[in-house]
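Structures are listed in the sections that come next.
Heads up, the next two complexes both have subunit A, just with different partners, subunit B and then subunit C.
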Partner chain A sequence: MTLTRRDFIRAMALKSAAVAAATLFPGISFAGWTPTDLPADSILWSKTPCRFCGTGCGLLVGVSGQRAVAVKGDPNCSVNKGLCCVKGYHSIQILYGNDRFTTAYVRKNGKMVPTPIEDALDIVASQMKASIEKNGKDSVSIYGSGQWSIPDGYTASKFFKGCIGTNNVEANARLCMASAVTGCLTTFGLDEPMGCYEDIDNADVFITWGNNMAEMHPVLFSRMLANRKSKTHVQIIDLTTRSTRSSLAADKSILFTPQSDLAIANAICYEIVNNNWVNQEFVANHVSFHKGKTNIGYGTEDHFQFTEKAETIDFDEFKAFLSDYTPELAEKISGVSAEDIKYLAALYADPDKRVTSFWTMGMNQHTRGTWINNLVYNIHLLTGKISTPGNSPFSLTGQPSACGTVREVGTLTHKLPHGVVMNEGDRKMAAKIWDVPETNIDPKPTFHTVEMFRALDRGDINFMWIQVTNPMVTMPNLKRYREGAQKEDRFIVVSEIYPTPTSDVADVILPSALWVEREGFFGNSERRTQHNAQLVPKPGEAMCNTWQLIQVARRMGFEKQFPWKEETYIEDIWNEYTKFHDNPKHRMASYKVLTERSGVQWPFVDGKETRWRYNGKYDPACQADTWDFYGKPDHKAWVWLRPYEPAAESPDREYPFWLNTGRVLEHWHTGSMTRRIPILHKAVPESYVEINPEDARSLGVVNGSKVKISSRRGSIVMKASINGRGNPPEGMVFVPFFDESYLINELTLDAFCPISKQPDYKKCAVKLERA
Partner chain B sequence: MEKPDLNPEEKPDYKIGKLFLLFAMIGVIALPIIIFKAFSISTGEALAKINKAPVSDFDHLAGQLFDTYNKTTPAYMEGNSTARTLNYYYSLRQYPGSPPFVPHDQVVEKGVEQTCLSCHERGGFVQAFNRFTPLTPHPQHTYCGQCHMKTVTEDLFRENDWVSVQVPKLGRSALAGSPPPIAHALQMRENCIACHVGPGTVVPIRVEHPMRGNCRQCHVPEETKALFSRNDR
Partner chain C sequence: MPIFSFLAYPEKNMKDQLIKDLSHMDYCEVKPSENQDVLILLTDTPDEETNKDLITTIKALKSLQSLSMTFGHTDV
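== the complex of A and B ==
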């Protein structure tokens, strides 16, 4: 490296400034960045959705030279209206971590050897072929995520389901919002929320169910606070199992025992029914009543199967069922006073108040996740508070395209871009658009995520291609699945940007182009599709995930299905994909419109976005001017009779604490990106265990001292946080999962909701010791 | 010989006349003042008295700042804020315009709404830091922890090759003596007074005419470098 005189002077000037600042302000490092020669006004701004959560904030990324150098909130994007969170403002720094993968690696004699990417792609294709020849098509699998751009997921689905003919396509969104999907499907017959973020500006009451929005969806949380600030009567009620930042900002925070949300929701319904607060007209015209199986199990055993059997009932049977959930009885299960339950019911039922319910992982990562989704919908349906501005039951997503890619493209074992593999009509449609024989598409779903990793452990799956996700940090009961992935005769391909515990178990690592290094689309929580252009060059041999899939598919002989040119393939894929949704219920905006606007909500019919579905006033797919729940054959929304059932594993004498896991504001998911953002790592450098001060006292633990946490599956030693950001009640501990040095998922239980197959990361039993 | 009292009656009359003259003179001086006073009642003040509202002759936040000065305590008199520099302010950021991190300890970890704003919305001298508090330009956003954090370590997880552009240049008037354009993006920084007026601000960007509240009457953002050309679409 040569140092010019100018460089030298600049470096010296910076250093002396740094020294001066350091003397004046001890403990503060100078220079958050190294200024290049480029002046401040050399920046060109371009729109993109944020890379991180499912909120889908619009960003303006500033590019100077060939580098992304600054971020602003996109004022034209209605999601965030120009405001971001700290992750969004620093998001572009994820592009420049020193240890980016810029070349492919192939395991040779146990060591990862840098390999030209074309050779690595050859190896991937030949390994796939070999596995299919030896063990059949269902021995190969792909595991993606809600961080997949829409073209990634679409290409994966077409390649695996259409061309190879296996339904071994899953995504980590199964761990994240599968219960929200099955909740929507069982109640409304179609997936995704009916409302939108405008509900936040219109609601009078917000009830958050086990949802720490202040840290997980800060931009939406701020929008909620802004609504409250602009009016005098707006209330935020925080229903939670642990006191959080959101609890402190709420007007009222109600603590409940884990899993007892089922009882609380039923008790709210009991109050509504028994006080004659039911919106009779709405219920008579737009709601039907149903019950399903009970005692449905927890899926902790291999090959677990569950088939729901729905039965239509009448209102009186529903009313009789609710008699088990008087507020007083629910108080015994939940620890929430009958008075508070009555208060909640009164808020939901007040005809003058518009009520929005928000939830994320508290309700979705739940062994009865589908049920609790149904139950909160029940409350909104009994009161008719749905699909109108401000009245909205709303599941927020955690990943930028969990909706756009996993839910809409359908990268789950039973799904197709339109409909499910079990349905002949849906298979025919897919075969026609994909230009493959109809017989290629297997009508039988194979493995959901947990079972797919069990199959990898058992040897039923030999080949797994993992893209844009980090299962070796996020799988529950992690030890089993890591050891399974490392067994002989397993071949793991990982498309990644940085080394992670998942790339550690890979046989081939493919360097991926990330976010604004390639063109793509995300779809956020409120049915908004957002396009991003490529803004900066790809580093080294890094390749877009879609293009990686296309390259391997071509090597396996599917040139006909993947004919696109590198210059235009993203647009071509969009044009092909949107054929699946070309109906008023799900029509999507054209490529051109998406490139011009900061996101467009579907159904996009006759140039108009749909803010509220199922309401004829707003939704062109409705057959009437009033509510029309057209997802169900009876054009009604289904109220489900769902009882309280206990968690899969509850604290006992040996393991007396609940273990709850989750995120912090500064880090996104497993931290493989955000930990490489200097300022975010400096703010939260490592994980910790939150312990209630009373429990800490009886354990003899002070803030920062080491604690050993053990479950029936594993143990971990980490620092205690007492009276920190969050405070769990007595008998519960909370651990953020972002830190790969503290793999808390070695302790969690792989129990899941039998209907959605989404695991419960919020409830298992642990014991604590001083370490 | 004793001088005869020529006019013994004159003396008391003389005194009365003097007294009268004095009264007359007081009257002549005082009357216009009284009359003037009577006609010069400020309606604004009177209304303010009725409404119990404070009187303000200031534009925008300047009045609030005046009040801050007005309540000066000895601590204020000793306080100085000159140690802060623009370089220091930029050192709290990752690029020009990024949200700065929190450089002091007094952070309530749980704080969501009022904890930061109790100082940063109003300003004033803080004895604990021996500094004047910088004001936030966007107090309407109340969840400060969404964007501003305190760092607890200087170590990195992995090194990062991050670079950004130079900081914006100051001044840059188009003509000699003309008002300089705004050197930074206005988003989240629409309130000029917060950072350019008052003792919490850094010297090079402090304006000398804060009483002129409508800053963007003269200072405009430079949205493009390109010059006007017709039919440029």
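== the complex of A and C ==
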């Protein structure tokens, strides 16, 4: 191509204007002006949400030619205001690992053979059809993720629930935030937090419940520290089962025995009630009291069933129930001194302090996860500290679109994009929008995640399509589920970007386009929807997960439901999906608005985002200028009577240690992306077991010694870490799960909260030996 | 045959109108920002007199708040 002098001068004129604009407005982008319009050595910056955790930091990705070459924080994004964590700053390197899947593979005679992707999609469609014909519609399933972009999850739900007619749709967010969902639903009648990250700038006291935000939500933790630095009275209280980096930064760290948070929360309520610290006016007008079933089990057996039955009670019955949870009695269960429990209660009750509670997996991965969510809400409701700036009970999510794709789209067996499959009105709405017969949508939920993998093991499910997640590392009691996936007559499809233990069990691997290689949307922890454009080309035959689903659906005869063109299908899907939420309680921003802004919070009504729900001063869905918990028929938030019940498995003479699992700052989930970023891999190259120094001394192990950890389900040998970044108390060990070389979930127990069906990865019993 | 580029700022809520006004003028090429209230204007006129008239016309637009030149070349 020849460039005339005139063309050159015109290009320079445009470039000069673009540079001036970028200087004034970092992150600015211009419609219809692609990187190819610019000289090859220039960098075009575009906004995108980060690919990793649920914080939803805004990034600016710099593209030169056709390659992402740089990352910086997006100063226009209110979430992070230009700051990123170490994962965010290195995020574009996940696109360029050497072992990226760029072609499809199909298992032939036991070996994975490269196959043209169109042929692989033919095989997927024919296998699904064959399984349905032979074993019925409920023999096929899809298992997705909170890393699914919103169009991925929406298309999966429409395809499986609307077209095929099976409710075998689940996502790994069941493993990370299902208890937060049921906590919200049981207390407020609607899902997702009422507050927003501006609470961090307004709170006087932060109480974190089993939550290591310094490593798991570092940008939000930095925002907390900034608030504390700017106002000398701000306090951070770390309520935890293991000392972490968050503990070091906190004003006070309080260690408690695993599972005893239930007793602590009730004891705090006891103190609030018995000291007459209850906000009487708020409680009288906006709260009602209820109790549910007790001794509800742990779900460790196949086909476990539980149905909650709520009874309305009065305040006196609630007060009488709390008499079992005096601070002194709670001290015996929790190991937390009565004095510290009283201190926490006084902080929550102080009328001059705004209090925000944060939690993530400590409360959600819990066999009474719904209950402990309810109990922390109880504290905020009794004191009226909710839905105002700085007063917020707030469950943070761990994945970039656990809220957007799983909680809002409803990619769980019982859910629809609006409402649940059990509700006739919700089914009618879905059938109308999806253009399918109402009878297609089955009114009965099928399997939640653990039970879905049990069904695969039993043979009740023969076909499973796994997208954007790595269950062969993350499922608890892993050995059973890996062996189940490898049985004869099972067909596993895996849409992935890199080889993982999950792609190892696949019969077909479909290469996925990743993050900014395709257009999409994420929804973060604070009800913020964020759009990303495609910024770089897809490698090889990699294909967007949404488009993979559409291609297979069309092959199975559902062309009418998936008519969209490849150039515009993401926008078309967004326009269709948002019909489900076209009401003041959940209205979402238009495609155009989302492409222009660094995220928009819903409800988005009359061009205005809603910062605090359920408060008429901020929420247009409220019927009055005060609190209105409109998710419940009585327009009140429900305080629940929930007792302490022990963990499914506790240390005993044979297995005397608690096993606690989790993440580290540098690696995200199973490490399939971050372990391919050289600097992050070098920082934490392998997993380890944290042991208390006293326990290490008793065992005769030192830092780096090999230790054999055994539970009733399996054993693993790994190196000891003593006085590392985390320090468990005596009688507990902690193992990060990012390293597929050490499958710690072969030891964990597949017990779950009977209400949320979320497994407990924080508590099972193990023994230690020198290896 | 002068070539100039500018950052053009619309009056409040008049970005779409400004894009329309400029797009309808001869010798003008417009590149609106997707995420900011600003647009790039490229003018490519046959002679200096036409350029002068064009700039005068542009400056009179009600939808325009201000115009900042970022590049200018007249000897083409």
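Everything that follows uses one rule, which is that the second predicted complex is superposed on the first by the 730 of 771 C-alpha atoms of A that agree within 3 Å, B and C clash if a C-alpha of one lies under 4 Å from a C-alpha of the other, contacts with A are read in each partner's own complex, and residues count from 1 in each chain.
The definition used in the following text is that a residue touches a chain if its C-beta (ideal position, glycine included) is under 8 Å from a C-beta of that chain, and two chains touch if they have at least 3 such contacts.
A quick note: this is a predicted structure, and the numbers were derived from the prediction, not measured.
Novice: Looking at A:A624 after the superposition, I want to know if it touches subunit B, subunit C, both of them or none. Which is it: first, second, both, neither?
Specialist: The answer is neither, since A:A624 touches no partner chain.
Novice: Touch test for A:F221: subunit B only (first), subunit C only (second), both, or neither?
Specialist: first
Novice: Counting touched residues of subunit A, say whether subunit B or subunit C comes out ahead.
Specialist: Of subunit B and subunit C, the partner in contact with more residues of subunit A is B.
Novice: Quick check for you: in the superposed arrangement, does A:A683 touch first (subunit B), second (subunit C), both or neither?
Specialist: So A:A683 only meets subunit B here.
Novice: Between subunit B (first) and subunit C (second), which does A:K47 come into contact with in this model arrangement: first, second, both, or neither?
Specialist: second
Novice: Tell me which partner A:T595 touches in the superposition: subunit B (first), subunit C (second), both or neither.
Specialist: A:T595 contacts subunit C only, not subunit B.
Novice: For A:V113, is the partner it touches subunit B (first), subunit C (second), both, or none of the two (neither)?
Specialist: neither
Novice: Based on the A-chain superposition described above, do subunit B and subunit C contact any of the same residues on subunit A, and if so which?
Specialist: 17-18, 20-21, 24-25, 28-33
Novice: Could you list, by residue number, the parts of subunit A that touch subunit B in their complex?
Specialist: On the subunit A side, the touching residues are 17-18, 20-21, 24-25, 28-43, 64, 67, 69-73, 75, 82-86, 89-90, 93, 96-99, 214, 218-219, 221-222, 225-226, 229, 245-246, 248-249, 498, 665-666, 671, 675-685, 724-725.
Novice: Using the touch definition from the top, list the residues of subunit B that touch subunit A in their complex.
Specialist: 83, 85, 87-88, 90-99, 101, 103, 109-113, 140-143, 145-169, 183-185, 187-188, 222, 225
Novice: Quick one: which bits of subunit C touch subunit A in the complex? Just the residue numbers, please.
Specialist: 1, 3-7, 31-36, 38, 40-42, 44, 68, 70-71, 73, 76
Novice: If we count contacts the way the header does, which residues on subunit A are in touch with subunit C in the complex?
Specialist: Residues in contact with subunit C: 5-6, 9-10, 12-14, 16-21, 24-25, 27-33, 47, 76, 595-598.
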